[in-house]
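Encoded as C-alpha cells, here's the structure I'll be asking about.
Each chain carries a letter (A, B, C and D) given by its place in the written order, and its residues are counted from 1.
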Amino acid sequence: TGCTNKQSTPSTQEKTKVGMVTDSGTIDDKSFNQGTWEGIKKYAADKGTIEEKYLQPSGEQETDYINAINDLVDSGYKIVVTPGFKFETAINKAADAHKDSTFILIDGMPHEEGKFDFVKHDNVVSVFFTEHEAGFLAGVASALSTKTNKLGFVGGMKIPPVEKFGIGFKAGVLYANKTFGTKAEIVDYIYQGTFDDVAAGQTLAAGMYNKGVDIIFHAAGGVGAGVFNEAKQRAEKGQKVWVVGVDVDQYETGKISNGSSVTLTSAMKRIDVAAYDYIDAKLNGNFPGGQIITLSLAENGVGLPENNPNLSADTITKVEQAKKDVLDKKITVPTSEDELAKFMK
Amino acid sequence: MEYIIEMINIRKEFPGIVANDNITLQVKPGEIHALLGENGAGKSTLMSVLFGLYQPEAGTIKVRGKEVKITNPNIANDLGIGMVHQHFKLVHNFTVTENIILGMERVKNGKLDIDSAAKRIEELSKRYKLTVNPHAKIEDISVGMQQRVEILKMLYRDAEILIFDEPTAVLTPQEIEELMHIMKNMAAEGKTIIIITHKLKEIKAVADRCTVIRKGKSIATVDVKETSEEKMAELMVGRQVSFKVDKKPANPGKEVLRIENLNVKDNRGIKAVKDVNLAVRSGEILGVAGVDGNGQTELIEAITGLRNIESGKIFINDIEISNLPVRKRSEAGLGHIPEDRHKHGLVLDFSLEDNMILETYYKEPFSSKGILNREKIRSYAEDLIKQFDVRSGQGATTLTRSMSGGNQQKAIIAREVDRSPEVLVVAQPTRGLDVGAIEYIHKRIVQERDKGKTILLFSLELDEVLNLSDRIAVMYEGEIVGIVNASETNENELGLMMAGGGRDSHE
Amino acid sequence: MNKKKIIIPLLAVLLGFITGAIVMILTGHNPIEAYSALLKGAGLFGDVKRFGDTLLNMTTLILTGLSVAFAFRTGLFNIGAAGQMLMGGFVAVLIGVKFNLPPFIHVTIATITAVLAGAAWGYIPGLLKAKFRIHEVVSTIMMNYIAMWSVYYLVPKYIPGSFSTESKAINTSASLRTEWLTNLFKGSYVNLGLFLALIAVLLIWWILEKTTFGYELKAVGFNLHASQYAGMKVNRNMILSMMISGALAGLAGATYYIGYANNIKIGVLPSQGYDGIAVALLGLNSPFGVALTALLFGFMNAGRLFMQSSTSVPNELVPIIIAIIIFFAATSLMLETWLKKSEKFFKKSEGGK
Amino acid sequence: MWDIITNIVPLALAYTAPLLIIALGGLYSERSGVVNIGLEGLMGIGAFTSALVISKTAGNLGHTAVYVGLLAAALAGGIFSVLHAFASVTMRSDQVVSGTAINILSAALTVYLARSLTGSANIQIVSGFIKRDVPVLSKIPVIGPLFFREAYITTLIVFLIVVFSWFILYYRPFGLRLRACGENPQAADSLGINVLKMRYIGVIISGVLAGLGGGIVITTYSGEFSPLVYSGLGFLALAALIFGKWNPWGVVGASLFFGLAKTVADMSKLFEGLKGMPNIIFNTFPYVVTLVALVLFSKNAAGPKAAGEPYDPGKR
C-alpha cells in the first residue's frame, strides 16, 4: 500500500515516526502535498531512520487539522510536517498542546486567529518560499520563448503563493522586455477560482490559444491539468503551444506521444528539499526551532529545473543572467501589485 | 374432452390467510362460466393461479385434459389462456396498438411494425364489434375503450380461453350491454369464457354455469338458467340478501344545495359542464345518471372544490361556496364520498385510524392547538369500525393499503357519514363491491336521507340510481337534459335520455 | 414489526463491519487491530476528548440527516442540504464577524439567522415545486452550486479573512463553543450545537407524530390528491416542508461553521450535506434512527484517522465500509427474508418437540 | 460575434458529451423503472478504469489503447452497476439508498485501488483523443464550423449513441418493453415480459454509458484520473435527465443547454467587455439559467410512472 514504508533492513535503533497531514487536495496533487511527501519518503529511503505516514484530514477546517495532528501525535509520531498556510492557526495551537513534538510548517507561520503577529514556538520551524522569484524566471523564459508575443496566466484560487507566482511572472516578462528587447505581453491574467475544475482549465486554455497565446503559465492544480491537456492535444497536431508548470518539474506531465513535452519549463518550489532538510536537522540536533526561514533563489529553494529541453540555449543564457541580477540584488522581484507598479518604473 | 379447464383442489396461501382453500373449478369448452363470491373470497387469486401469476401450494391444473404447470403468463398465453384483469394492466402513455402488441411485437425493415399490427387490430375490432382507435393513447380514452383494448389484447394473442375479472365494475350500462353481447359472440365462435362479477343480473344474462366461492372454498357449481338470483346470493353470502333498497318515500324539506349556471372545463380545457342548474332539498336523494364522461366527474369536482369553475354559482343554504377552498366547503356542511377511493378517498399508507380523521384532524377533540390527541382518535376510530363493521386485520392500526376494497369503501363511508354533513356528494359508492356490502352501504345512505340530509348521488349504475334516488337528473354532454321522479321512470327511459334523447330534451 | 425495523439496520451494520474485516484480511491488514483502533480513536475506550469529537461529528450529521429525512417523510427528495447548510453557515459567520454583541445574544442571533437562511434557501425549490412543478432534485442540485458560488463571492467581499479563500474568524461571543463543554470534554470542540441537534430530533419527531401539522405533511407526502380532497393546502405544505428541511440544514450550518469551525472557507460544499442522505436513509427516515445513524457515522469519522495513523490500514477503507453498510441496509429485504426463514425454522423445530 | 460562437460551441460540445452520455445512461435505467442516483459513482468507475487501462497499455498499443480504455470503462461501469441492479431489482431495496451506496463506494474504492495499483491516486494518460476537424462535414457552412470543427471523435460517438438509443427506445421491441417496465411493470409482466430482466438490462446499460462517460472525461478534457473526477457531473446528468423530461432528445437539449451555459461562463473571463463584471454572475450563470429555463419550459415534468418502485409481482 502506498502510505507505509516497511524498511527491510532491521535497524537496532528505534525509528523516528514522521507524520504528515495533507492540505486541501490529495497526496498526489503534484504540488505541495506531493512535494512534501516525496521529501519525507526520500529521507526514509536515503537514511532508513524514520517511519513515515500521511493523513488526509476529513475536512479543511482548523478543527480537522488539529484532530489529524492529534491522531498522529497520539500514535507516537514525533515529527509532524504540514504543508500550506491553512495550517497556521492549527499549528499555533498544536505546538502548545504537544510540546514534545516537532512541527515543520511549510508556506506559513504560526499565529493566532485574526492576528498576523508571528507566535514563536521552539518546536516549530516555519518555511517560506520566494515563489515570486520562480515566477519571475518563468516570466523571463516565456517572454524569450514566445513566437506570438502573447502569454497567458491561469491561477487557481487567489491565495498568497499563487499570487506571488503570478506577480513574479508579470515582473519577469517586463524585465525581459526591458532588458532583452522582447515584446511579450500577458494578454490574459486569470484566476479560474478553483483548483479542481479541469473542464474550465481546458476551456480557458483553448480560448487563450485560440487568441494566439502560445505559452500559458499555470499555478492552478487540477485546473492546470486541463490546461496541460489542451496544450498536449494541440501539440499532438503539431501546433506550437507551451505550458509553464508549477511547484514541481512538470516536464513529464507535458509529455505527448512522440516523446516530446509541452512543458516549456516549470516554476519550482523545492518543498521536498525543505521537508528533507528539516527532518534531517531535527534528527541531528540542529533544528532551527522558532525560526522563520525563507528559501529563495539564493538557497536553491525556488527556481527553474536543471534541465530545460524546451528552452533554447540563448534563452537559458539570458535566464541565467536574470537569475544573476536577482542574486546580486540588482533587482528585487515584487511580491504584490503595488511593488509591481514600482518595479515597472 | 368434457372440460377444457380443470383446477382441482387448488390451495393458495398468503401470509396469514388461505386465499384458496382446496377450490375446484371445472369449465366446459365453449361455455361462459361465472365465478361468484364476496369481496376477498379468493376469485382473483384463483384466476391469477390459472394465468400463471401465482404458484399454488397444492392442486393440479388440467387444460384440455392435459395436466400443466403454469409458472408464468407466457405459458398461459401459449395454452391459449388470456386474462382481463380487475385493475387494467395498460401502459398509460402508450398507444392502443403498442399496448396490444407489447411482448409479441413484429419487426419490419428493422422497425416495429405498427402498421400491420394496427390493421390486424382493426380487423379484430370489426369482427367482435370492439370499437377502438388503434392510434389513440390510453390516457386519452375512456375506461370502456380501455377495457376493449384489454379484450383485444387477448384476441390478438389468439386466446381460446378468456378470463374476465370484474369487467363491468367500471363500465356504463351501455358498455355493459355491449360487453355481454361481445361475450356471447365470442362464445358462439367457440371461445371459452370465465367471468368474475358481483352483478347477479349479468350472470343471469350471459353465463351458462356459475361456481360460487365463499371464504376461499368452492361452495357449489350451479346451472344459471335453473338458479334464481336470490339463490345464488344466498349461496355466496351464506344468508338471505335483499336486493331492493328498503326505503320509505322521501320527505323533502327546504332547498339546501343550489347550483346556478355552472360551467366547468376539463383537464384539456374543453367545457365539460355546461350551464348546469340543480337544486336539491333536504331529506332527498337526487341521483345523477349518465354515461361515463359526460361531465359528472367535473361536476363533482367543481362542487367539492377540487376543480376551479369557469362561471356560475354554487350555494349551500344560501352561502355561496363556488370559490371557497375545499376546507371551507367542508366546514359549510359539504361531505364527499369520492369516486376514486385510492386516489382521493384514502391515504393508503396511513393507518385506518389516521384515515378516519382525514378531514377533521385539526378539530376538537382530535387535536387541540395543533396537537393530536391520539387517545381520542383511537377510540373514535374504534367506535366507527364497530359501528360500520369495517373489517381489517389489526383494527384501528391496520395499514389501509392492506384492506379489501369493500372495507376500504366502508371506512370512507363511515368517515363521511359520521361527520353528518348537510350535503353529501356520493360518487360510485359501490363500485366493485359484493352484494352484501352494497346492501349495507345503500342502507346507510338512505338512513342519512331520512335524517334530513341532502344527498347528491352520482352513479354509472342505473340500478343503483333507480333504487336509491328520489329524483333523477340525467347528464348528457355536460348538460342536465332532464330531471325525473325515480318512481315514475324506468331503465329504458333513462337509457334513452342518457343517449341524448328522451322526454325533456330541448329539441 | 417495530423490533424488526431496528434489527435490520443493526444487522446491516454488523454485516458491513464483517465484510470490512474480510476486505482487510484480503488486503493483508489485521481487522481486530484496526477496529479497536477505530473505537479507541472515537473515544469509546474512555478518552473523553475523542468521545467529544465523536459527538461533535455526530452533531452536524444529525441535522443534515434530519433535514433529508424530514423532506423524505413529506414526499420530497432534498439533495440540497449541502447548499442550505452552507448558506446557513455563511449567514451565521457573517453575523459572528460583523457584530459585537453580548455572548448569549450574539450566538442566539447568529444561530437563528442561520436557520432562517437555510429555510430561505429551501424556500426556492419548494416554491418552484409548488408553483411550477419543477422537480426538487434538479432545483436543489442547482441551488447547491448557486450557494457555493455565492459564498465564494460574498466571503472575500464582505468578511475577508487572512486569505481570500476564507472568512475572518467569528467573534467568540458568536461561537456555539462554550468553555465548560470544551473543558468537560478535555479540549474537544463539542458545543451547544449538540443540544440543538438533540432538541431538533425530539422536535421533529414530535411534529411528525404528534401534531396536526406533521399529520398534514405526511398526508401530502403519501398522497397529494387525498390531501387536496381533505382540504389541506398542498402547495403551502410543500413549501413549508422544504423550508423546514432547509432550516434544519441551516442549523447544521450553524453548528458546523460557528461550532465545529469558527470561520467559513470558500469553494467547497460541505460533504455533510450529501452524507445526510445516507444518514437519513439508513436511519429509515425516522428522527431517532437518524440520531443513531449519525452517532455511527460520527464515531467512524472521529476514529478513522486514528485508525490510519496507528495501524497499517488505509483511511480509504472507512468510506468503503460505510458504503458496504449502506448497501447491506439497502438490501435489507434479503435480511428480512432470512429473518423470516430462521423464525420459521425455529418455530418448526419447536413445534416438532 | 460569429467568431466567438464558433469558438465556444466546439468547446461546449466537448464538455457536453460526457454529461449527455451519462444522462442518457440514467434514461435507460429510469425508463426501465429504476432510479439511478449512482450515476456519479458509475462515471467514476469508468474514469478510473479507462485511465488505468490506457496508462498500462499505451506502451504496447499506442493510440489503440485509448479505444481499449473506453471499452474497458464501459465494461467496468456495466459490471459495477450490477450491484445497483441486484440491490434495487432483485432485493427490491430502496433505489436511492443503493444508488447512494454506489456513489460512496465508488469514490472510496477507485482512489484506494489507484493508490494500491499505481502508488498514486492520480493516474495520468499520455494522450487521449484530439480535437480535429471532421473531413468534409466541417466544410458545411454554418453547421460545419459549429459541430464538426475541432470536434472529438467521442462527441460523434455520443451523438451516434443518442440516435441509436432513440431508435432502439422508440422503434424496436426492446424499447417498447423497457419503457413498459418503467411505466407499468404489472402490465409488462402479464404479457410475459420478464420485468426483472428488463430492469437489469436498463440498469446495466446505464452503468455502461455512465462508465463510458467517465472514460470520455478522461480521454478528452481531463487527461488524468484523480479524486477530482467526482465533482458532481453525475448529479448534473441526473438534473439534465429530468430537465430533458426522460426523453433522448430532451436530454440532448438539456445537456447542450447546460454545456453551453457552463462554457460561456468559463470563457467569459477571456472577453474584454466582461472581465470587469463580478464573477458571481458567471459562476452561478449555468445554474441560474437552468432554473429559469425550467420555469419557462418545463412544467410538470413527470418521469416514468413506476420509476423508484421496486417491482413485486405479488403486489397489486
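Quick note on the criterion: contacts are C-beta pairs under 8 Å (C-beta built on N, C-alpha and C of every residue); 3 or more make two chains touch, one makes a residue touch a chain.
Quantities reported herein were computed from a predicted structural model and do not represent experimental measurements.
Q: Hopping along touching chains only, can you work out the least number of steps from subunit A to subunit B?
A: Minimum number of steps from subunit A to subunit B: 2.
Q: Give the label of the chain whose average Cα location is farthest from that of subunit D.
A: B
Q: Have a look and report which chain pair racks up the highest count of C-beta pairs in contact.
A: After counting contacts between each pair of chains, the winner is C-D.
Q: Rounded to the nearest whole Å, what is the centre-to-centre distance of subunit C and subunit D, using the mean of the C-alpha atoms as each centre?
A: For subunit C versus subunit D, the centre distance works out to 28 Å.
Q: Which whole number of Å gives the spacing of the CA centres of subunit B and subunit D?
A: Distance between chain centres: 45 Å.
Q: Subunit A to subunit D: how many Å between their CA centres?
A: Computed value for the inter-centroid distance: 35 Å.
Q: Please output the residue numbers of subunit D that touch at least 2 other chains, ranges allowed.
A: Correct list: 111, 115-116, 279, 283.
Q: Which subunit B residues sit where two or more other chains touch them?
A: As it turns out, subunit B has no residue touching two or more other chains.
Q: If a residue has to touch 2 or more other chains to count, which residues of subunit A qualify?
A: In subunit A, 1-3, 193 touch at least two other chains.
Q: Connecting every touching chain pair, does the picture come out as line, ring, star, complete or other?
A: Topology of the interface graph: other, matching no listed pattern.
Q: Name the touching chain pairs, would you?
A: All touching pairs, sorted by chain label, are A-C, A-D, B-C, B-D, C-D.
Q: Once bound in the complex, which stretches of subunit B touch subunit C?
A: 304-306, 325-330, 336, 338, 343-350, 354, 358-359, 361-362, 367, 370-372, 374
Q: In the complex, go through subunit C and note every residue touching subunit D.
A: Residues of subunit C touching subunit D: 27, 77, 79, 128, 132-135, 137-139, 141-143, 145-146, 149-150, 152-154, 277-278, 281-282, 314, 316-320, 322-324, 326-327, 329-334.
Q: Within the complex, which stretch of subunit C touches subunit B?
A: 210-213, 215-216, 218-219, 222-223, 225-233
Q: Considering only the defined contacts, which subunit D positions touch subunit B in the complex?
A: 171-173, 176-177, 179-180, 183-184, 186-193, 305, 313-314, 316
Q: Please give the residue numbers of subunit A that touch subunit D in the complex, ascending.
A: Those in contact with subunit D are residues 1-3, 26-30, 188, 190, 192-193, 196-200, 202-204, 206-208, 210-211, 222, 225-226, 228-230, 232-233, 236-237, 253, 255-257.
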